[in-house]
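The structure that follows is given in the form of structure tokens.
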Amino acid sequence: MNITQILFWFLSALTVFSALMVVVSKNPVYSVLWLIFTFFCISGHYIMLNAQFLFIVNIIVYAGAIMVLFLFVIMLMNLNQSSEPKKHRWLRMAGVVAGGCLLLVLVAALKNIDIKKQVAETNTGDIGLIGNLGKVLFNQYVVPFEISSILFLSAMVGTVVIGKKE
Amino acid sequence: MNAWEKLYLPAVLKGMFITLSHLFKKKATIQYPEQKRSFPKVFRGLQVLNRDEEGRERCTACGLCAVACPAEAITMEAAERQPGEEHLYREEKYAAKYEINMLRCIFCGFCEEACPKDAIYLSETVTPANYSRAGFIYKKEDLLIPDPTKDPEGYQKALGHRAKKINN
Amino acid sequence: MYLLMIDWWFILEKFLLVGFVVTFSLLIAMYTTYAERKIAAFLQDRRGPNRAGPFGILQPLADGGKLFFKEEIIPLASSKFLFVLGPSLAMLTAMLTSAVIPWSTPLQIGGRDVPLQIADLNIGILYVFGVVSLGVYGIMIGGWASNNKFSLLAAVRGASQMISYELSMGLALIALLMLTGSLQMSVIVQNQIVHGWHVIYQPLGFLIFFICALAECNRTPFDLPEAENELNFGYHQEYSSMKLGLYLFAEYVNMFISGTVMATLFFGGYDIPFVNEASWGLSPNLLAFIGFVVLLAKAFFFLFVFIWIRWTIPRFRYDQLMNLGWKKLIPLALVNMVATAIVMLLRNR
Amino acid sequence: MPINYYIFLSIALFVIGIVGVLTRRNAIIIFMCIELMLNAVNLMLVAFSKMHHLAKGATDATAGIDGQLFVFFIMVVAAAEVSVGLAIIVMMYRNIHSVDVNFLNRLKH
């Protein structure tokens, strides 16, 4: 076990644990905070893969903007655990079993695939750096980039229209 | 407002330089315990019970001050001077008990004007702080001026320049 | 930049640097509280704190002692963990930004070049941004955990303010990044040493950035999250003792760090204008020290301006704040960006 | 790190997201679980991009870079989606005073 592996296992355990806590927490605010923590763990994985740009964008966009919005909405609505009635016990059981089945199937299917021997390079490789990503983004992917800005604009307009009082 | 004024930047900068100019101005603070503001001639501070030059109390417990007091802060009890006490009290009658409730007193100075014997006057002391309400009811011991024969310095200090005007 | 290679000297020197930067910024923040009170007093023709020690020099220590020994109150209906987490997060995010600031030219110790920068990330500015955007959580979590509707409202108010001003801050910076072509802080400073300070090229960008920095640090005229007199003291209403102290302290650390960030991005960092200090023939260590002092001087200037503004300009109303952020600063920043792009295109042709 | 570790990690995250969607009734939590699933996919894409880079990086310097760009676009879409989705949830709360998805089965009230 070198330090990379130790970090990987540590981060993975944290990621899965905090993701579980998102689902298990009674209080929505705790769920949001655990989700933020999950995103930080995933950002940690990005650093390990030397995807620096995605690391920082993940933090800025997800932790810094999206989750603040979630927190915002929850705080404004003042939701606490008493306001959410639980699903029926058997319905919840069914959900967990269905998820477990999916997990089983996926793991079983991917257990023996031929890319298993492949390795994702950690710590090295320059493709995650912002300069390289930017070059490709603004040459090959410039049209999708522009389209995404139109998507943003329409989302903005949609949000304003939905959120406006009649 | 025109466009330039609507920017607010010039106004903001003007304000900033006004406050900056105050950085170099003389400070208005008087640092109280060390420096004291001089009082005007007519300042009315804490009451003092006066003595004459031989150190005898001037008060005869006539009660005019208590009658004059609009806040009803003054209480007193009279007593007769016994033989052998002539060096203590100037007149034949004196105040055995003399209390001023400083929480009620409004420092109007009516007591001073009512007094026929120049026994009570308002000095230049500002009312000091105290821990309890009872402490603000000043007894005769608290009010009496120091004896000029025993403690001339303290007497002069308590007298201030205001009382000198009255005594002469 | 390979983050996980192990070189023990490297780790030792980074640890020392981190420790130094943290204690140093705490010290500065401590004395900024003193400076705030002193400058406020002077601007109002008063004397300010002058009882503790000569000229009141020990006043911050006395204040700190007072905060430490005050009674610790945690509201009964609050969520205890989050209540403690709030101020700690505020302090943490305030400190984290200092990691990418180049404090000076490298020192030379025993033949090693020791850069006076904790991490020279090639995403330096984005890192600053990421940390700033996390600064919201300290306020929001603290405000929510207090279980008090006023602090909750103040927290929501503060969060929306910080998010809004982050946008124009980012847009103002994009024009700057077009000039440098790099997000790395050391490259940005180097570029200014060669070509002159960025504030010459980007005065509007600097103005927008400065206003946004005021808003991000929750300073007057944008201190709505803690508007103490008319809006019921804000998100730290329920806090007492050292937890309140941490919140107040984080504000001053934020001020100092944003001062250094502005000095680094727009005012040449550790560069002394109009002179070439490398030609003086001084030893590199002495030069590094001079650079550090120069950077500090610039940061202190910004601190002074922050305080000066606080005691001059009254607080905005909330709708005015949002108007300024969304309807004035963002379009201005966009115009600035486009203008910079056009000028650059024309000059390159 | 071997790629299958990353695969299993993101499958685990994805499944946790699915379980959350299936078991919770709070619309906001469901929404958050969708974000979690998107992030699981993001992690997988980054890992794959690094895998490709390692395999083909010697001949093509930008091999695998599209994977990371896809992550970028997914984040863009996620941001847009969240703004609209939260607006819908706020409207829903305004109309039925609850964020319980089970109340949405009646289309009028």
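For clarity, chains are labelled A, B, C and D in written order, and residue numbers in each chain start from 1.
Keep in mind that, in the parts below, contacts are C-beta pairs under 8 Å (C-beta built on N, C-alpha and C of every residue); 3 or more make two chains touch, one makes a residue touch a chain.
Worth saying up front: this structure is predicted, and the values here are computed from it rather than measured.
Taking each chain's centre as the mean of its C-alpha atoms, subunit A lies 75 Å from subunit B.
Taking each chain's centre as the average of its CA atoms, subunit A and subunit D sit 6 Å apart. Averaging C-alpha coordinates per chain places the centre of subunit B 78 Å away from that of subunit D.
The mean-CA centres of subunit B and subunit C are about 53 angstrom from one another, to the nearest whole unit.
The set of subunit A residues touching two or more other chains comprises 4, 48, 50, 53, 57, 65, 76, 122. In subunit D, no residue touches two or more other chains. A linear topology is adopted by the chain contact network, the touching chains following one after another without closure. By the definition given earlier, chain contacts exist for A-C, A-D, B-C.
Per the touch definition, subunit B reaches subunit C in the complex via residues 12, 15-16, 18-20, 22-23, 25-29, 31. Subunit C meets subunit B in the complex at residues 39, 42-47, 308-309, 311-313. Interface residues of subunit C, counted against subunit A in their complex, comprise 1-6, 79, 82, 121-123, 126-127, 129-130, 133-134, 136-137, 140-141, 144, 152, 155-156, 159-160, 163, 166, 183.
The touching residues of subunit A, when paired with subunit C in their complex, are 3-4, 7, 27, 29, 33, 36, 47-48, 50, 52-53, 55-57, 59-60, 63-65, 68, 71-72, 75-76, 78, 122-124, 129-131. Contact residues on subunit D toward subunit A in their complex (touch as defined above): 1-9, 11-13, 15-20, 22-26, 28-29, 31-33, 35-36, 39, 42-43, 46-51, 53-55, 57, 61-66, 68-69, 71-73, 75-84, 86-91, 93, 98-100.
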